[in-house]
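In the two assemblies presented below, chain A is common to both, partnered first by chain B and then by chain C.
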Partner chain A sequence: MNFVPGVWYVRILPEIVLTVFGALILLVEGPARAGNRGRLCGALALLGSLAAFAACFVQARYPGEAFSGLFRVDRLAIYFHFLIVLATLVVVLLAMDYLRAQHYERGEFYALVLFAAVGMGFMVGSVELVMIFIGLEISSISSYILAGYRRNAPRSTEAALKYLLLGSFATAFFLYGIALIYGGTGSTMIDAIARGVAGKISMGGLTGASLIPAAAGLMFVGLAFKVSAVPFQVWTPDVYEGAPAPVTGLLATAPKAAAFVVFLRVFYVALNSYSHDWFWLVWTASLLSMTAGNLAALLQNNIKRMLAYSSIAHAGYVLVAFAALAVNPTVLQSVSGPAALLPGHGVAAILFYLAAYVAMNLGAFAVIAHFAHRNERYVELNDYAGLGFRFPFASAALALFLLSLIGVPLTAGFFGKLYVFRAALDAHLVGLVIVALLNSALAAFYYLRVIVYMYMRPSGQEVPAPAPSGAFRLVMAICIIAVLWLGIFPETILGFAHAAAYHLR
Partner chain B sequence: MVVSLADYLVLSALLFALGVAGFLFKKDLITVFISIELMLNGVNLTFVAFSHYLRQNAIDGNLFVFFVMVVAAAEAAVGLAIIIAVVRNRNTLNIDKMDLMKN
Partner chain C sequence: MVFDHRLISLIIATPLLGGLALLATRTASGARRVALVFTLIAFALSLRLPFGFNSGADGMQFVQRLSWIPSFHIHYYVGVDGLSLWLVPLTTLLTVIGVLVSWKSVGERARTFYLLLLLLDAGMVGVFVSLDMFLFYLFWEASLVPMALLIGIFGHERRIYAAVKFFLYTMAGSVLMLAGILWLYNLTGTFDWVRIQHLAASGALHIGSATAIWLFLAFFIAFAIKVPLFPFHTWLPDAHVEAPTAGSVLLAGVLLKMGPYGMLRFCLPLFPGAARALATPILILGLIGIIYGGLVAFVQPNMKKLVAYSSVSHMGFIIVGVFTFTSIGLQGSVYQMLNHGVSTAGLFILVGMLYERRHTFELKEYGGIATAMPVFAGFFVLLVMSSAGLPLLNGFVGEFLISLGAFLSRHVIGIVAISGVIVSAIYLLYWTKATIWGELQNPKNQGLKDINARERLVLATLGGLALAMGLASPLFLNKIAPSANAEMRPFQAPAAFALPSGAMPRPEIALRQARFAAPLMAHISPPSLPKPGPLHPGSPSPAARLAGAGGEQ
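Up next is the complex of A and B:
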């Protein structure tokens, strides 16, 4: 009975590779000479994320369950493993330049980025609630430290403190939700909850089913914190502003995508029969996030803070698709043939949107990290005046990512929004779609403002940006290709997203 | 007097609510941090109670408590380190003074 098949370990290969390299970095850092310590650890981290990328291909060839059904390599898990590992690779490349510019070249930074990715990998692959909780905590605890990495900068430590307090507050709610689900259904396995949620178990005067709505509410609070949906977004602007720019790029993208996967597994798969109860939660949070995020972003002068509010708004757009799922969970075209490419299904829309969102947001934060300079001196909108002609390459790239965030055709953001709105229209959520469209128009204003500053304002001061290094060029290449690829050939990714959606339930 | 499942659930809900109240209304960083531990322990009690009453000799609920305790310990280690870094920068534990970033 104690037989543990080796293929189980192959199914978590990316996590194993990332853990090994993270530990290796910590081991190597001590004896390494101070002069080349940063470069050595950076090279190891780069090698580790490339190896993890290769491991994703191996993992993808062995779909199935691992560790007695705790972990499952399905198409959803494969899709997000690729996304998370690529995001990790980009952040590692970014950090190499950034840490050198900030004189903070230490190995732990890279190790923590890799460990955070391990946690996210477990979040997207686990099909058991306590495992999901542990994955969530692995990624969160690593990110708390990363947010405060510039530990002599008061803003950075304050960001870490706020993230720590509000993050653990939120996970306590999520955990309470898990406990009530366990009591209500007698299980913490996603599939078993989906089957047994009708409430067969009763004890004392209490029926199991009566606990589920409360559990759904508590878990919603926990996850809404993680994806920074209104009214649980208060931490987002401060943490994004105070954290080092590459860390902000990481926090804004991969953990959010992973939290949305947990959202899918918990609400769409496990609690599907309770969709009447959580529909209004999602609908309200979506409406408030889009509107409040965009309105507040209009008033910002710090670019990192502006993108923080914009990420709140984008969480709202994704929740539009979740609301569509609650109304209309069964709209599924046949998976074979061109019909599969019709964007009728909310899950596929969510998956596509998250890929687009990760690509364009990481790209934008990469450019911000590039211009930030020592102690992040140049992160205000005024600093970007006139940059367009002095640094044509980086500025043009930033302009592309901002246009994609608006949702201009031929960029990833356009199809992301299109599929989400289409899914919502199929579910007859006309009101919500109208609000989302109005919001997109509103959002165009503050994204375009940055572009206007870069190209149409005389430069007030000489922002001393470094010459683009090889690592920065590679980051830009990855993000630009991703944004354009998703914007011009969306059906390649969408086909896979559809297949993932089809096999999810 | 027999202690029923409902008693345990009410007690753990109370512990959790006290933690939430402490988190929201206390001004001292350490107290706020301990309030979170109180919330987690409220949840632990729920797990154990359900584990006992759902099935005789069920161990899964008891097992989850160990995972939660490990996670809470890791969180406390990182949390105290971050609090120390903040105090070194600011020389205060008052949470209302943490307002460097405002709109």
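Up next is the complex of A and C:
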């Protein structure tokens, strides 16, 4: 059938817009005058991400499948398209300031950011494993280059190489998992796999069912790498430290959210009937990620490294909710009392948490990028001593994001944790919740340390910081509003998250 | 009044608006003026609460309830009853005083200072008026952060250590409390305190006695840290010594009250069985706190530490009053919360004024200050006497009622508590002697300036309040009593509750209570007391008032 309905293209409109603008940037960069090349490309990237944001609204008007069921615009996809495009917008805004300060103004930086967003868009929208894999690769390869963008800094190059080597391994694992799934079920479509494994199809002599646990394990490795869950986290601190600060902000947020969506589609939808197999994988990874991440973060003096370990811990918190999803629904139905929840609430908790996580982490990295200065000289804890009164606006914003990362009430992080822990409690994972609570208390210590340095220590050296530009103010406004909105009126987002969860399976 | 159902929200919103207005100020003097104006408005608004309060009723008044997060059944739900009524004006008044005492001492970063003070104001009022347990938790945390920052940014040498210690102690407690709140939510499906309390009172809240004990402890430990009850008190001296004067005033005056208030609001009505089962160890800890705090205060070379440990001692009284499970002791506790707020805030201000002049808290640096600062010395003696519980002053009424309650429940408790009064008189008089009286020997104290008009205003307000609360206690108590009686209802009908064996109150206590307390109660809180008139200047002695309070009208 050669006929391709036009609405299929509308359903991937954000991706198309981002690709077009990315390509346009690359085309314009060559002929543009050297003087305003960076500014021109930045403006184009900004325009592109704004257009993609508008395209998300269009996309949301046309839910349904595209390209013969490879791509699906459901509420989950819509939710994460908005999240990813907004994160991209923030990163582009940040990069405009940052690249100028670093004298690295180049068009391809913006193009790569947009392409990474395209990859993530396909990761969250695809319901077929090979398409998901392609999305994963597009976003990964863009981020490998972006991580090494500070060419003159050895750490940046080291980060890129490490990320490339380990990342390639991880995606290879994921691909191998896809192959086994295909071998076991005869399909790469998420829905078909779900039906297949539910019916325990056997193929020929080898029972297909026996391949599934192995496939689940392999895909788990690939995705655990992407979300930096222990024991696949070793790349995280080095890459976060080496990569340019706006790129770290991007790496820490949007691709992780996208990878968690893949996690949902693969494990919660496709391999749901194998939940007793992957439950312990998730449970162990969650426990280890929270604990190892927080303990290591306690020892860090470099703020980017500290946030890298903190992001490992946060991946652990999200995995708590995944572990809750794996608990058999029949057990859940036996929970009495008015507070018993449907398993879909665990999905909603994950969705909410990821939105909160993206908002607060992007905000934190934005402030770090703002203070970093030439060659990222000022990213140590000591450099932050006394900043609170010299740069009240940026410091107060960073304090807010850190409080949200702790999980202080009235910030996004609080409700994120609350929903996740409640989902886990309803699944009777009391032990895991206790570990998570203890971890939250532990984490408060290192986040607060930054606030203590900013406000209570006398400033040692005069860290020069640029006056906040319009772009920076806009970034702060977006992140602050998001963190407070999710913290004070969580119902708005939560309602949509519930709907997304309800229609997922 | 027309805005009565929004009054509490207005009281909370005023300081927050003030915070916004502060952002527009440019200078330190502008910042402190804005802060003063908004805290004064909040205080004026909060004065409407006691005037509009119906003394005959024991339920919640000035109630406002809005849906906030429906999927979690979380409401914005506020109101006051007799237990919380007076704590709100106390909070707003002490915030005004906090602004005034920082008038000269905080110059640098004044905007941040007053912003934190205003946020603290809103948070503290919120704690006392929240009727949704989730909201309560939010305000609880919201009052923690500004206080920690006030100590950490504006404190003295070891401020960071003190701020972190304060934060971690309280945080540990509040995590426990959050766990308790969520557990209770899982059991009942609501955060609505009024509904849970109704369930508990009607016996429809089916909690096993073991679960009840765990839940009780989850709340109790959080509150005990805040009080602070004896083994949890170590954060308090550090926090007080390092805090700026306004921080100490609000910490001692209001934040500590959140502890006993929380016990009255949550621990007793929701888990009466567990409260009774654990009353003896808690009473013992409270009594240890009274004596231990007093003895440690006596040996302190640092004045601020002395006052801080005196707080440990006085707060022990309040706990004892609560856990005697007598209405009279409970009223004494609520009253003592207000007294302690007034007196100890005053003591910290006195210490702060000396520090502003001499920059030291060391007791040995002072002596004979009365010669140099006679007006100051007058207020000093007045406030010290109020703290020591001299008859005619406020402290006496609270300590008298608590001791009465203690004797009603068990003689030994009363005896130990009374001896605590003696200990407090010893260290307070010793302190007065060492600071105020005697020869002025230290030459550095020769030229000290006496207090100025602003300082006189602050001290006169607190001193006058101490006197008024000592003379006209029924005005306050008749609004507290109905709620206190309601609070004690589950403890007077033990048969309706399944208690762990051995935790039953001895029948003779109940009898004695009935025989002795009932007529006294009737005097203090006639069931249908009309609105009290204004306070007459020539009031009779407090003892006469206690005996014939109803006759005032």
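We adopt the following convention: the second predicted complex is superposed on the first by the 480 of 505 C-alpha atoms of A that agree within 3 Å, B and C clash if a C-alpha of one lies under 4 Å from a C-alpha of the other, contacts with A are read in each partner's own complex, and residues count from 1 in each chain.
The definition used in the following text is that a residue touches a chain if its C-beta (ideal position, glycine included) is under 8 Å from a C-beta of that chain, and two chains touch if they have at least 3 such contacts.
Remember, it's a predicted structure, so these values are computed and weren't measured experimentally.
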*asked:* Which partner chains sit in contact with A:Arg151 here, chain B, chain C, both or neither? Use first/second/both/neither.
replied: first
*Can A:Ala444 be said to touch chain B (first), chain C (second), both, or neither?*
second
*Between chain B and chain C, point out the one touching more chain A residues.*
B
_Contacts for A:Ala394 in the overlay, against chain B (first) and chain C (second): which applies, first, second, both or neither?_
neither
*Kindly classify A:Leu161 by the partners it touches after superposition: chain B alone (first), chain C alone (second), both, or neither?*
first
*Quick one: classify A:Ile141 as touching chain B (first), chain C (second), both or neither.*
first
_In the overlaid three-chain picture, which partner chain does A:Leu429 touch, first (chain B) or second (chain C), both, or neither?_
neither
_chain B versus chain C as contact partner of A:Ala172, first or second or both or neither_ = first
*Applying the touch criterion given at the start, work out whether A:Tyr455 contacts chain B, chain C, both or neither, answering first, second, both or neither.*
second
*Take the contacts of chain A with chain B and those with chain C, and give the residues found in both.*
none
_Footprint of chain C on chain A - complex, ascending_ = 337-339, 389, 392, 403, 408-410, 422, 425, 437, 440-441, 444-445, 448, 452, 455-457, 490-491, 494-495, 498
_In the complex with chain A, residue positions of chain B that touch it_ = 4-6, 9, 16, 19, 23, 29, 32-33, 36, 39-40, 42-43, 46-47, 49-50, 53-55, 60-61, 64, 67-68, 71, 74-75, 78-79, 81-83, 85-86, 89-90, 98, 100-101, 103
*Hey, which residues of chain A end up touching chain B in the complex?*
130, 133-134, 137, 141, 144-145, 148, 151-155, 157-162, 164-165, 168-169, 172, 175-176, 178-180, 182-183, 186, 188, 201, 203-206, 237-238, 241-242, 296, 299-300, 305
_Contact set on chain C toward chain A in their complex_ = 68-71, 109, 112, 137-138, 141-142, 145, 149, 152-153, 159-160, 163-164, 167-168, 171-172, 175, 179, 182, 185-189
